[in-house]
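Each of the next two complexes has chain A plus one more chain, namely chain B in the first and chain C in the second.
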Partner chain A sequence: MSNESNDRADTAIAIVSTAYLPAVRRNDVTETEMLIAVVDEALGKVGLKRSDIGFSCQGSCDYVSGGTFSFVPNLDAMGAWPPIHESHVEMDGAWAMYEAWVRMQHGDVEIAVALGSGKSSTGDPAEIYLNELDPYYLAPLGPDPVSLAALQARQLIESGKSTERELAEIAARSRRDAANNPKQQVRSAETDVDKLLAEPYLRNPLRKSDLPPISDGASCVVMATARKARELVSRPAWIAGIDHRSEVHNPALRDLTDSPSTRLAAEKAGGVEGVEVAELMAPFTAQEVVLRQALGLGDDVVVNPSGGALTGNPLMATGLVRIAEAAEQILSGGRNRTLAHATSGPLLQQNLVCILEGDN
Partner chain B sequence: MGHEPVAVVGIGQTKHKKRRDDLSIAGLVREAAQRALDDAQMTWSDIDAVVIGKAPDIFEGVMKPELYLADALGGAGKPVFRVHTAGSVGGSTAIVASHLVSSRVHKRVLAVAWEKQSEGNAQFGLGGGKSGSIGAGGAFAPWIRAYIRKSGAPEHIGWQVAVKDRQNALRNPYAHLHLKDISIEKVRESPMMWDPLHFLESCPSSDGAGAIVLTDKAGGLAAAADGRPPAWVLGTSMRSEPSSFNGRDPIRPQAGVDCAWDVYKQAGITDPRNQIDVAELYVPFSWYEPMWLEGHDIAPVGEGWKMVDRGETAFGGSFPVNPSGGVLSSNPIGASGMLRFLEAALQVRGAAGEHQVDGARVALAQAYGAAAQYFAMWAVGSELPSS
Partner chain C sequence: MSTQTSSTIQFPYKRTLGPVISRFFSELTAQRIVGIRSGERVIVPPMEYDPETGNALEPDFVEVGPAGTVVSWTWVAEPGKHHPLDRPFAYALIKLDGADTNLLHALDAGSEDAVSTGMRVAPRWRDEPVGRIDDIVAFVPGETPEGPAAGEAQDVQTMDYFSTITYTDVLSPTLERYAASMRAGVITGQRCPQCNRVFLGRGYCSVDAITLGEEHEETLPDYGVVSNYTIVTPTPYPGQKETEPFARASVVLHGDEMVIAQQQIIGIPVSEIRVGMRVKAQWFADDARNAAEITSKGWGTVAGFIEGWLPTGEPDEPAEQYMNRVF
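Moving on to the complex of A and B:
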């Protein structure tokens, strides 16, 4: 963990630009058009053209988008002619970035782009997300994602690790932060904790304020090798480490108040020591508590200054938005060490952690 | 510091069938993965990371099934990654897994690709779930007709490939179709599906999975020293282009040409026809064999069908294609690319059993997807690459 630019190895890789669309309940343009917009913006910021890109990787999900091969037209976002070197993961864009980062380790790709996109407005996520459960033993029971999240929150509260008031405080803080971030969707909602606690339960112990909105959106991150990164920006967001880990699938077989896979991924990515800002993909308030505790983040760490997934949740793009926000804290925010987290699967089954560093 | 050399030290596949109703989805992938681990003489705890590939989730109706499959594939505590690049996905899954080793991020990686067509309706899925689908055959038939017209190939070429691959499958115990009495006459007389493709010139719908274990140079050399020669990865590539635009050549897509030459360059191949000993190409419809021979510069443009006609691509020919029986004999869609990649590895390991091509030292594998616009290819060899 070095802080001197001269100490960065030539093999180091940095995020040099990011872009994401405002999360909205429904974006009337196609997913491809959303992606074109974020690619244009992210490349434009650093004066790059699509032909400068050596590799790109997209993350999206047919079930979210409502059709098979929904990623195929999204090739146009990168301008795939002449033919391009690219890949696609049926995962959040954060994992697309992971694949691009792995690809860049080979040294023959100087600039890579990772993308995430999703249009939840084309369906009903509560109904759709049942289908990511074990098709034989879990999905037939019909637990929608909000009911599952309520089970997790209940276990967290019953174990003494949190309270309904703390969850309401997280909601209030996230909404206050979102009011300052024009890209978030929930920007003018109630922020008085007592008033939030007086609201009815949606799924006990969760209230509406504990839940994310349904969002459309797209995100983009541009990575470069050390030499290119220094050419393109004055203050690259160096990727100190990135790792992801899974847990067993069935939530009944896990301690839902802990996230050992997040902790392990963070260790593998270089550890949380010195982290000033953490962007945690916690679409439910209770999950922020689980993640903070699992990572051992102190009170001095600023969590989700963007407003977080709780106030803007474009599925399949949300995780990469966290990385973009953590990177911007370094690129333009003057921070030195930030953490981004992304999750996938029921109740934090699978988690990715990326640690970013600036040159002092 | 160059890339870490990558060795395929474990290979496993299921018996492919129309319905594997003896197994759940998890059981299916587990059968292939366990065989790959056994072959590698490894246990589940030896694996650092798992990469899973399959075609659209809507085929079985399970969204992001790798989440559920993490348990069956020993994924707890490990990175579990899901690739989806349309029909090329089985190949790109192998490539993404190999990059985890060549980048030195991990030492031992399990890659698994699968499809369980019997648990869903792929034809419905291929149509995007919207209205009736013309199916893959309906999509490719016009391009096949265009190939025939441009090349002047006689119509028996397609029948010949269909017979050849089914005869090859008789030597492969894992193949879905074992059509002992296949003949040119039977193919020709089978119902016309999508002119010029007859029923017997089309791939079946299969349940199946394929798995490989990849490791680094030290692991590959250790396996070799133990009398279990690995397949060394000589080159990998992926290329994509849009589905359609004015001027696109869908018969010989540029992405396929570029992908092949990227692999050839890495593998030191300048004359693919003579330097490659055997190829496993993604041929779901008979005519794609001559089309890919030309599409990857193995034969000059317009000459691919002549290689078929002369019997050069037959088992025992000078350039055997799909000795395993190919996609025409087994088509668990998401796994079909992986089967090409692992069959190529089996050949250079000398472990292909009755369908082993004598003296195979360099093998090429290819998978393609969507509107013949996604390509994944690798070349594997029996010798550790020098650089």
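Moving on to the complex of A and C:
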């Protein structure tokens, strides 16, 4: 596919602006107020008003926020009177972006907004995550997300596909990158690999450094069709492809050292060839290894320069942050081809891949 | 000082099991573990469909185990309230003898040093089986199952699962000021400089999506007009405390469009509630007011401060004024 800008069809869709709030252990304001701030920032960057938006889609989760229909007050962040065209997914904002992208295929919406938001600070992930598990075979046994991630990490290590040292190196690299990203939460933690390996196990073979923090946050991307995109920014981040695929729910029935759904989604989204930067939603170190290997990313691909979900993990916003960061690599970073990944469900059950391109 | 409010949401689920899970749980009550055949493979725990192809599976069950081999494990040194054992234990992926997939379960091994990949384990059966996955209390090291003598299989068609989540909310700065004002028996709202609408307990304008601060706050009257109502005849369900027909009304505060929904009208029979009726807040006594119902979710509430609304006896506003609205 050519990267010449004048070859982009008028129906091409690009990300033109992104914003996300700093991931923090607890944000004092409400989820709606967080969303107002992040929408203001994303629209402000490109001089748009809410009345310019043809469609918006939010991603959030009632189990995380602890309120029924909590997406209804969240919609106030878009200003919903007079009535607007909008939707909601009970998923990470990355899937809200996917829905908005699908909606834009109709051709009658020039500008759309996708949002992701979550306040994990009000609940205990070990309680909340049980409600996403198979209620017959899994939930009654109480497996918390860290225990599940540890079962995956051990299989990865014992199958020879990774080592505890490699996991510690991923933690150290993520923390060093986070130190340069004021929006990440874990920014001044230990980065010496030997010292990390000397720390005790939290869930053998995982140490604290292999785990994400508990975070509040919100994210937003603004998408536009070709003509509008060129009006709004000099270097749109074109969505070359986006796809998501799912596997069987019960992790015990899967090969946890591979992620065929990620591989398939990447193929359907246009493939990884030429990808310079990949933002992978890997809240646990071992999952970055699984994803990198499943995608076949070479050593020349820069992985998670933002610091990744390992150093800032606002549930329901994290995946969309990956897309925002991969888009910024093109919008403001001068890259030509980047990849964003988001995941949902226990141990990489469902995976979304978005390939973004800049004009050469 | 910040106010924390705590709430616990409970879901008392009762689930039907379908033909495959029902068979698996029924067999567990007789201390047998069955898988289901999919081609050459035996899938345990059994599924209604092949996990890789999605093809529906015939009800071709095959007994496996009861012993098996640990394929992966982790150690839970400090069990929490949702964990199945109250002492340190392992979670393990276990490949039961005769199975081609793994089963997730707890492993009661005593100490972390006693756990390794490749070790042999067998189930410890519950004393009185109920037909759930935790009829196997845990796996234990070795080849020999533990527990009472096996009884007859029960016909298990449903399972109970009680889910509970506790949330601790720390009130936002706006809600903190709002709660303080309500404790003092004063309703405050924030007026939007753009559209002049007033909102209580929110922190922003719902129409214009702009943040409203302390500078936008003003005292609101604690009286107004019933703009709509419904009479609910309660049916029993978990959490329903009402037994007699009751009313829920919307009250528009005097002089503004701020609607407080889901309010009780007190002091009169529900049959006498009218749209247009003038009402005044009945506040709880000072020491009975509490902010437990105020959360960072939703649109603000007077619950915990205002018990209900008493008719003032003044002439009604014309009902027609309130017809063209939802609340």
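Keep in mind that, in the parts below, the second predicted complex is superposed on the first by the 360 of 360 C-alpha atoms of A that agree within 3 Å, B and C clash if a C-alpha of one lies under 4 Å from a C-alpha of the other, contacts with A are read in each partner's own complex, and residues count from 1 in each chain.
Definition applied: a residue touches a chain if its C-beta (ideal position, glycine included) is under 8 Å from a C-beta of that chain, and two chains touch if they have at least 3 such contacts.
What you are looking at is a predicted structure, and each value in this text was computed from that prediction instead of being measured.
Overlap between chain B and chain C is detected when the two structures are superposed via chain A. In the superposed model, A:E127 makes contact with chain C only, not with chain B. Look at A:G319: by the touch rule set out above, it reaches neither chain B nor chain C.
In the superposition on chain A, A:Q350 makes contact with chain B only, not with chain C. In the superposition on chain A, A:I36 contacts chain C only, with no contact to chain B.
Contacts of A:S261 after superposition on the shared chain: chain B is touched, whereas chain C is not. Applying the stated contact rule after C-alpha superposition, one finds that A:Y136 touches each of chain B and chain C. By the touch criterion defined above, A:R103 lies against chain B but remains apart from chain C after alignment on the C-alpha atoms of chain A. In the superposition on chain A, contact is made by A:N250 with both chain B and chain C.
When both complexes are overlaid on chain A, the residue A:S87 reaches chain B alone and has no touch with chain C. Residues common to the contacts of chain A with chain B and with chain C across the two structures: 63, 66-67, 73, 76, 80-81, 128, 131, 135-136, 138-139, 247-248, 250. Residues 26, 28-33, 36-37, 39, 50, 63, 65-67, 70, 73, 76-81, 119, 121-124, 126-128, 130-131, 135-144, 147-148, 150-152, 154-155, 158, 201, 203-206, 247-248, 250-254, 256 of chain A are the ones touching chain C in the complex. Contacts from chain B toward chain A in the complex involve residues 1, 3, 24-25, 56-71, 75-86, 92, 96, 99-100, 102-105, 125-130, 237-243, 245, 253-255, 258-259, 370-371, 373. Contact residues on chain A toward chain B in their complex (touch as defined above): 11, 61-63, 66-69, 71-73, 75-76, 80-91, 95, 98-99, 102-103, 105-107, 128-129, 131-136, 138-139, 243-250, 260-261, 264, 344-346, 349-350. Across the complex, chain A is touched by residues 7, 9, 11, 13, 15, 17, 21, 43, 45, 47, 51-52, 71-76, 80, 82-84, 91-93, 101-106, 112, 117, 132-134, 159, 161, 163-170, 172-175, 202-204, 206-211, 295-299 of chain C.
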